[in-house]
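Per-chain numbering from 1; labels A, B and C assigned in written order.
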Amino acid sequence: MNAPFFKFGLFGDDVSLVVAFVIGIGFGFFLERAGFGSARKLAAQFYLGDLTVFKVMFTAIITAMIGLYYLSVIGLVDLSLVYISPTYIIPQTIGGLILGLGFVIGGYCPGTSCVAAATGRTDGIVFLLGVVAGIFVFGESFNLIKEFYSSSDLGQLTFPQLLGLPYGLLVFAVVLMALGGFAGAHWLEKKFGPKGIWSNS
Amino acid sequence: MTSQAKAVLLENFDTQVKEHTSVKTAKPYWNPYLAGLGLGLVLLSAFVIMGRGLGASGAFSSVLSTGIQAIAPDHAGSNEYYSEYLGDGTRHPLKDWLVFEVLGVFVGGFLSGALAHRVKRTVEKGPRITTAKRLAFAFGGGALMGFGAKLARGCTSGQALTGGALLNVGSWAFMMAVFAGAYALAYFVRRQWQ
Amino acid sequence: MEQLMKFSISNWSANQKLAAIVGILGFFALFAGDPYQGSTATIDTRELGVLVQKEVDHVSPVELAEWIIQGRSDFRLLDLRASEEYAAYHIPTAENVSLAGLSEYPVERNEKIILYSDGGIHSAQAWFFLKAEKYPGVYILSGGLEEWKDAVLFPSLAENAGPAERAAFEKMNEVSKFFGGTAQTGSSQEKISPQVAMPKLDMPSTTAAPGMAKKKKKEGC
């Protein structure tokens, strides 16, 4: 096996920046294809009328998950060399909650706001500036929250490790969950779409 | 009607006129599952080529830290968080994988939008709110997002998509929290969207 | 029949076909196996640290020489050097294994494993691998092949040695003869040059060991 190619030294840092750019183009392209350059479409997820965010995200997750799993099993990719960010369970959960609030208020996330800004959305540009401001606040207050930020460090933890279950079993479970979720999304959209719940209040 | 309602109505009328007289009509969005498949393959290629996943918020931190360093180098250097992104000086902080990736996101997003005639100067908002308010919310929401993303060490691209595909426990917890937070607040900001 | 035809695949929407493919791939994941190709091991570093401190991880060349002379077969001696070096000379009864092939080499867990290389580095690394895989009886030949040469093959006696040392030397003289070496006595105390001819091997060959290794028992029912 000689993948991940970068980790096996097939190319250096400078080429990796070009790779980053190209991958980024693909990333931005498909985000826009899905309609994520529009805050309205993104926010509609949270009113149950248009669950595109869920469908796209989870399709992407299971595609990459299945692809990586099978490539590793065949031996084309060394899974242990793929970087897994360490789990800091409490700050990640709290951060996620805050991010969720920001998502429904602002209507974008950092990646999609770039797509929105690139397609002319003024609110996308403003959102981007807001993100920078938020990071600034974080950086300035870092000394105060440093300890919380580094708390509950569980290290690199995957579900197979946590539950002691075979990797393949969890792949299957996630696929089932996603397919079930898609069916549920289909039903919710039929029921509440396209304007979503509370649309008349 | 109230003057505020009048203002909103006039603005909406204005927008609708603009939209109907645009040169080409926007193409419909792709089937979300196909778009998700494409996204997943991009993510997979990052795994296979680089041994890492995607991201976005890290690039913003790099840019911010570099900016602060340019304006107030001592402050940047003495701040533990910014220094992390500035590195030890052997490499320019903007020569960062995520920075280049995010530049690509701009390009890719524009490309797709241009091909589908979806590029236009506009403000995305619901019918019941003014542009000014929407922009204020966009800024505020962005700020919350920026703060939350740093606290969680990632945003939806880095943590949810990447970590999700890798069965990373913290990332799934993060993902659930994002949906929980957003759904919890959705009712209270509905006027912005509906 | 027509009712059933409604459910045929040709009537499925694109999304349903996608979902079916994904579902099948997910299902096969149940049987496809472990994606981590390399072998992983968990290490109790405290336990290993204690072992090293107590120095129960070493075997001296003199001890090893005695075991070989006694014809003991309760241990496996592994030579971690390259195959050319092994062919030129190896300690009798030693088997040639590389560090990379170590994790797959058939060794029973109830056997004593003694590791040696030229000095101590590769044998120490191999010791670590095997301890991480929870082999209980793993030992390093202290001093490696160099020490084997000095203490067993070409034992030397200092000019001003006392009676205890002389007695020990007499014994080693016999031992070294057994292995085809020659003892070095006092007057010719030049440093043993590295070009000293290594004794030709006419010890029992190591063919017995691989034969034993082949009958790897499966534990459990």
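Please note the rule applied: a contact is a pair of C-beta atoms (placed from the backbone, for glycine too) under 8 Å apart; a residue touches a chain by one contact, two chains touch by 3 or more.
Worth saying up front: this structure is predicted, and the values here are computed from it rather than measured.
Visitor: So what shape is it, when you link every pair of chains that touch: line, ring, star, complete or other?
Guide: Its topology is that of a complete graph.
Visitor: Using only alpha carbons, which chain's centroid is the nearest to the whole structure's centroid?
Guide: A
Visitor: Would you kindly say which chain has the C-alpha centre located farthest from the C-alpha centre of chain A?
Guide: The chain lying farthest from chain A is C.
Visitor: Would you mind telling me which chain pair, A-C or B-C, is linked by more contacting C-beta pairs?
Guide: So, comparing the two chain pairs, more contacts are at A-C.
Visitor: From the mean C-alpha coordinate of chain A to that of chain B, what's the distance rounded to whole Å?
Guide: Here chain A and chain B have centroids separated by 11 Å.
Visitor: In angstrom, rounded to a whole number, how far apart do the mean CA points of chain A and chain C lie?
Guide: Taking the average C-alpha coordinate of chain A and of chain C, the gap between them is 46 Å.
Visitor: Which whole number of Å gives the spacing of the CA centres of chain B and chain C?
Guide: That gives a centre separation of 55 Å.
Visitor: Mark out which residues of chain B touch at least two other chains, giving numbers and ranges.
Guide: Each of 33, 37 in chain B touches at least two other chains.
Visitor: Among the residues of chain A, which ones contact at least 2 other chains?
Guide: Where chain A meets two or more other chains at a single residue, that happens at 62, 68, 167, 171, 174, 182.
Visitor: Residues of chain C touching 2+ other chains?
Guide: Residue numbers touching two or more other chains: none in chain C.
Visitor: In the complex formed with chain C, which residues of chain A make contact?
Guide: Touching chain C: residues 1, 62, 66, 68-70, 72-73, 75, 78-80, 166-169, 171-172, 174-176, 178-179, 182 of chain A.
Visitor: In the complex of these two chains, what residues of chain C are touching chain B?
Guide: By the definition above, chain C touches chain B via 14-15, 18.
Visitor: In their complex, what parts of chain B are in touch with chain C?
Guide: Touching chain C from chain B are residues 31, 33, 37.
Visitor: Which residues of chain B touch chain A in their complex?
Guide: By the definition above, chain B touches chain A via 29-30, 32-54, 56-57, 60-61, 63-65, 68, 79-82, 95, 97-113, 116, 118-126, 134-135, 137-187, 189-190, 192-194.
Visitor: Mind listing the chain C positions that touch chain A in their complex?
Guide: 19, 22-23, 25-27, 29-38, 40
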